[in-house]
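In what follows, chain A forms one complex with chain B and a second complex with chain C.
After this line comes the complex of A and B, so read on.
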């Protein structure tokens, strides 16, 4: 995190040097500011519902309870715990993830039917998450260190909700291994520094998916959270809507739950 | 062909008026003609070559609908398969596995690729202590020692997901399968994908000379259609021009006249293709035949006009008189034959496959443009160009032979009628023995790369005919219900025992393996998990472990209520066997998996296996319509129901004889058969119209006896009909040089039909006419038309 702080200090000093700023520096500065405004939430609880939809219009739902622990470090990202509520057959299954910026993530899955915790020994952030259009990497916290940046331009924000706001448009390039993307383009509003839209470009550098963030609400007078994330896959015509509700920040979650050995006790 | 100006009909008088105007306004007419060709031909730039095998199926085609629905539930996929065969006969060497790895990585970068499957990136699962390891079967080929290679080989050739699909059971060949999702935004996507993939193949050949590589799959199939179309246009059209030039030279004996024919034909064809472009049509191999067919049909019309013109000129008339007379005598007959040709081709709109509708419509446009340029532009052109010499010769081309032929037919009319009828009945009895069969791989001859490479894949690796089933569990998340999984497993096992089945891809093979892996690789657990929650959680664990692109979204629907089973058939399966497998499998599922009752097998192979029958059924309607319309044009202009109906006989007879002979020649018929009846009917009726019109003219205007009327008709139009038939025959034989089987068969069938038609017109029609007229001998001749 020290690097981040250094970058943040640099960013604060930047307005004076605005004209000398390279697109890379400006892109980084925007990401640093975004992160600065989202630091200090400590931990969170939220209910998540995923609605998967295919081209034929068939829908399917997955319900989860998510808990996250803010990690301030320059090597590791946040810790997260996903507890599946439905479909019924996987109820009670829990996925624990410790994310890292440079090394593969650590993941464990508790299978209640087997009453065992299985380590997921893979570097597969890029794969589809529970059959949805979200890859695991799309659901991770947007820590500055995960990408390198390049500012492109300013333009009106793309979502209805952010109409009237101006957005920074920047490219970002995954700095971690095994990403499914060559780059992403982000729209971050100038007022609150929240992501409004992300475009994903696959290994062939083709625009494959678009993610829209809407339903922003502010918590504790500081932290903005989007409540509806719609991911559209342009190549397959499939769509996944992620709805979040009952946000609690600084929720005093039990930190001992974030332990592979404790997964089996989770309810 | 001396006409009697005294007995002019209303048509003659109208034609005379038109002809005089054309001569008077010859310069404006010629300029207008050229301008109209430029304007119409400008649309030619909008013509595109269809690049998608799906274009053969209309949206309402039930097999196509079933396949589209399946693709909407999983994903719309096309594929390209690299088939690799190392010359040392062993896939499991460091060198070959390195090559496979390289190709897999390069494959990912190709346009539209969503997934690449090979023996190296196959997600091998195994127990690792208490955990499940999910990883590429071969991560780093260069790091494998002999034992490692043996291990990989043993896993690959025993894995039901790989054996007979990605790896040959003997380990001699392997495949890299690219799954592509075409955005359907541009008509050249298949060509784009194919060009980029062929570039990778070229690089592969340079880097890995010890491995033979071939390329096939559904994208290669789509691309082959466009390559066959272009081959047809670039080779058949020039050849057809040669035929046109030779025929017109032989018939007209004048280079200038030949030049005129070529001009008119080119104008008619360019204008028709241009109009097709303006109308936004897409060319496929069948519709790419349009220019050749238009040239073939147009030659008759323009040769008639020039022939009469030269005849009059040589007979002593002035240039303008000759033009006017030629236009007058041809106007009615050419209009009538244009109408019947157009009726035959327009009836293709009843076809199930859109390429045939396009063929029918483009050729009909060509019939229209031919009428315009042969009857309106050509006379004006002849009035300007210094073609032919005015003389004082009354030529008697082939007249002697025609007199002999007429006397022969008149004398032997009863034996001829009996023999031809008996032959027709006997040949007709052979038709039901013809096997209806379309094999889309064999639609292309071995001059097309797709055919050679697909044959190679079938010989060394796997099949190309698949049948997909989306088997429904009947409830949300029901696919992990052990009872359902066991049913799916039973279906897969049943299918594997069927003749013609090579491989079955099923989720249950994954579930069985996961169950074993999660029980410390104990072989006793190589079966479907017997607990629903357990199965669902295994699957979740596995899905969370799979990397990008190698997920199960193509195998399981979003609701986890259905799973896709893919059956691959052995080799080139006949349409009959493909349909038989589908029928049996549909019935098995209906009987054993009630939740999935009514689910049908769907795939391109299924679509193609029904295409011939569907088009034949659809075209029965079209042909019936064409027959009624054409009979109408034989009855009304000649004002005789009896003679009109009798004249249909020599038009049915050749069609029956053609299919009968086809049984002995080939024995197998595909989609081409469905359209030949309607199109040849429109073409062969022309000769009947010409003969009948002269016969009736002889009877009514010249008051000849039936026998003399036959002699009159033979000597007036006989020579021209024989030579024009030769031109039509050659034209359709040119089509039979196409690398595309549907076109070959259509060309050959139509050529045979045209040959039989001239026989029927000269040897069967006159006996019939004389017989019918004889019965009315007491009523004197056929009643003269009321003017």
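After this line comes the complex of A and C, so read on.
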């Protein structure tokens, strides 16, 4: 993403670390470094399982196959394709998203029963993804350009897995339209620059949800991926666990898979 | 026709023989249609509760990265209507996927268009009208279909070597027509009858917020004219299938929560050449009533300039308004309500559809169909007593 700008920002930010640096500059520098360490994976394949749990502990499950294409551009973010394997009644449904920084995202839905590809409104950032506690915006690639930042403090990392590591704690504010959040607070470890925890504050500025990232594993000696994401909704008592497996990076995914006109041949 | 089914079946059997993992899915559905009013025509059944059972297994076998075989048979057993007791092969095809082009050979299904209440541009597959009046159920169409994704849009070419006749309710079926539709007596303009080879070509492209499709179809029109004819045994409707040329345009503009839609066709071959169009919008309100539900508001206007020598349509000058509520809950609960009102006669056709998941793999659908006002002499007046509530339980596997 925006390699030249990122490099320029780093050149500015790194010496500044030694000198007086505003919390905004430091927050941005942390995000830029995180992103830098996650550039060059080209494309990916991953299997995803979501377990939705309500207050009474009743569970339901969704299984998906995810494809993503890394886009390096000043204006456009990554492309992603979500293909549903279950529940059985939505099997074969697919969602294709193109993200952009300055213009609204593009989204297409493939409805297998009608064999219909429908372009859908992308304004729905804050809506629930398939009834889970994840909003659409929570699942988009978290590119630097999507937020503005403010560094708060350092403290021990919050998850057991990251015990012993120190985390940067920063606020970030959605820079895109239609977000359901006024702000988020992130815990990013100082060693690998991976997100360990996110707190979400809703439109009324109330702490509504918390997301924990665990099960980190490194791929190709470079890219860290969390395999278990647990999102808790403090207002409803509901919880969604997203388990990721069979990661393939630089997976040589056929680029035409990300063409809306190719959706109809998924089924 | 049977030859095409056979090719598909043999392909599928070959697939089974290779003992590779075959993906089996599909559903079985039990349905009760409730007709509160007495039927309009004497031959129609008088049962308030009219049950039926449908089965649609879907077999998919991915041979390798490029080759996929698909087999989707469908069947329904209807207690009251012998014509609605029917079966079909929705799909039986081989797909070769080469990335920027693909080829599909066999019985297939495609959808063209953007509108919700009428599918003007969508012409490749015949409508399985006995399944539902909404014209969204389609019969499998024998085809050779080549799709090429280029830097200048996606081109799709179709050779359609066999024609499928539209299905209609039987004389005892509801909703139905005053006369039996004699499908066995169908009259074709072409001497090749159902063996006439049809062609279709489509180009689609995205330009910014606009999704554009242009298409042309040359061949046997999917909509029959129903001609009252006296045959031994009494009068029947004989379906007449004409040779037509139809050019279609479909455009959707997507701006934030707005979808603006246009479908238009020009058709030659049925009376004077005519234009027809559907234009409308869909506007979605997200997280309404401080819940996670979305409310979509839909309005569409239908114009159709066909004359009396073309098949009859109810969409000559009509307005459709509707709303779709999606709860975005664990059970994917949704509610859709809509009404199509004829601007000239005020005849109104209203539908309500509710769907929810009742357990893992189980779905409940409830569909209501009402005609609150019907003017005399309209096509809808045939259905004026066919208010119905359909309750369906589907088991997916």
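The criterion applied here is as follows: the second predicted complex is superposed on the first by the 250 of 267 C-alpha atoms of A that agree within 3 Å, B and C clash if a C-alpha of one lies under 4 Å from a C-alpha of the other, contacts with A are read in each partner's own complex, and residues count from 1 in each chain.
The definition used in the following text is that a contact is a pair of C-beta atoms (placed from the backbone, for glycine too) under 8 Å apart; a residue touches a chain by one contact, two chains touch by 3 or more.
From a predicted model like this one, the values you see are computed outputs, not experimental measurements.
J.: What does the overlay on chain A give for chain B and chain C, a clash or a fit?
T.: clash
J.: Should A:160 be classified as contacting the first partner (chain B), the second (chain C), both, or neither?
T.: neither
J.: Go through the superposed model and pick first if A:265 touches only chain B, second if only chain C, both, or neither.
T.: The answer is second: A:265 touches chain C but not chain B.
J.: Classify the contacts of A:90 with the two partner chains as first (chain B alone), second (chain C alone), both, or neither.
T.: After superposing on A, A:90 lies in contact with both chain B and chain C.
J.: Just to be sure I read the superposition right, which of the two partners does A:128 touch: chain B = first, chain C = second, or both, or neither?
T.: both
J.: May I ask you to decide whether A:60 touches chain B, chain C, both, or neither, giving the answer as first, second, both or neither?
T.: both
J.: State whether A:119 touches chain B only (first), chain C only (second), both chains, or neither.
T.: Both partners, chain B and chain C.
J.: For A:104 in the superposed arrangement: first (chain B), second (chain C), both or neither?
T.: In the superposed model, A:104 contacts chain C only, not chain B.
J.: Touch test for A:254: chain B only (first), chain C only (second), both, or neither?
T.: second
J.: Please state which segment of chain B collides with chain C in the superposed model; the candidates are 4-12, 22-30, 94-102 or 130-138.
T.: Only 130-138 shows clashing C-alpha atoms.
J.: For chain A, which residues lie in the overlap of the chain B contacts and the chain C contacts?
T.: Looking at chain A, the two contact sets intersect at 52, 54, 60, 87-90, 114, 116, 118-124, 126-128, 130-131, 178, 180.
J.: For chain A, which residues are in contact with chain B within the complex?
T.: Touching chain B: residues 52-56, 58-60, 84, 87-90, 93, 95, 107, 109, 111-114, 116, 118-124, 126-131, 135-136, 178, 180, 203-204, 206, 234-238 of chain A.
J.: Show which residues of chain B lie in contact with chain A when the two form their complex.
T.: Touching chain A: residues 69, 71-76, 108-114, 128, 130-135, 181, 183, 476-477, 480, 518, 531-538, 540-541, 543-553, 556-560 of chain B.
J.: Quick check: in the complex, which residue numbers of chain C touch chain A?
T.: Residues 25, 27, 60, 70, 95, 97, 99-100, 102, 104, 109-111, 114, 136, 147, 149, 154, 204, 206, 211, 252, 254-259, 282, 284, 286-287, 292, 294, 328-332, 357, 360-361, 363, 394, 396-397 of chain C touch chain A in their complex.
J.: Please name which positions on chain A make contact with chain C in the complex.
T.: 52, 54, 60-61, 87-92, 104, 106, 114-124, 126-128, 130-131, 178, 180, 254-256, 259-262, 264-265, 267
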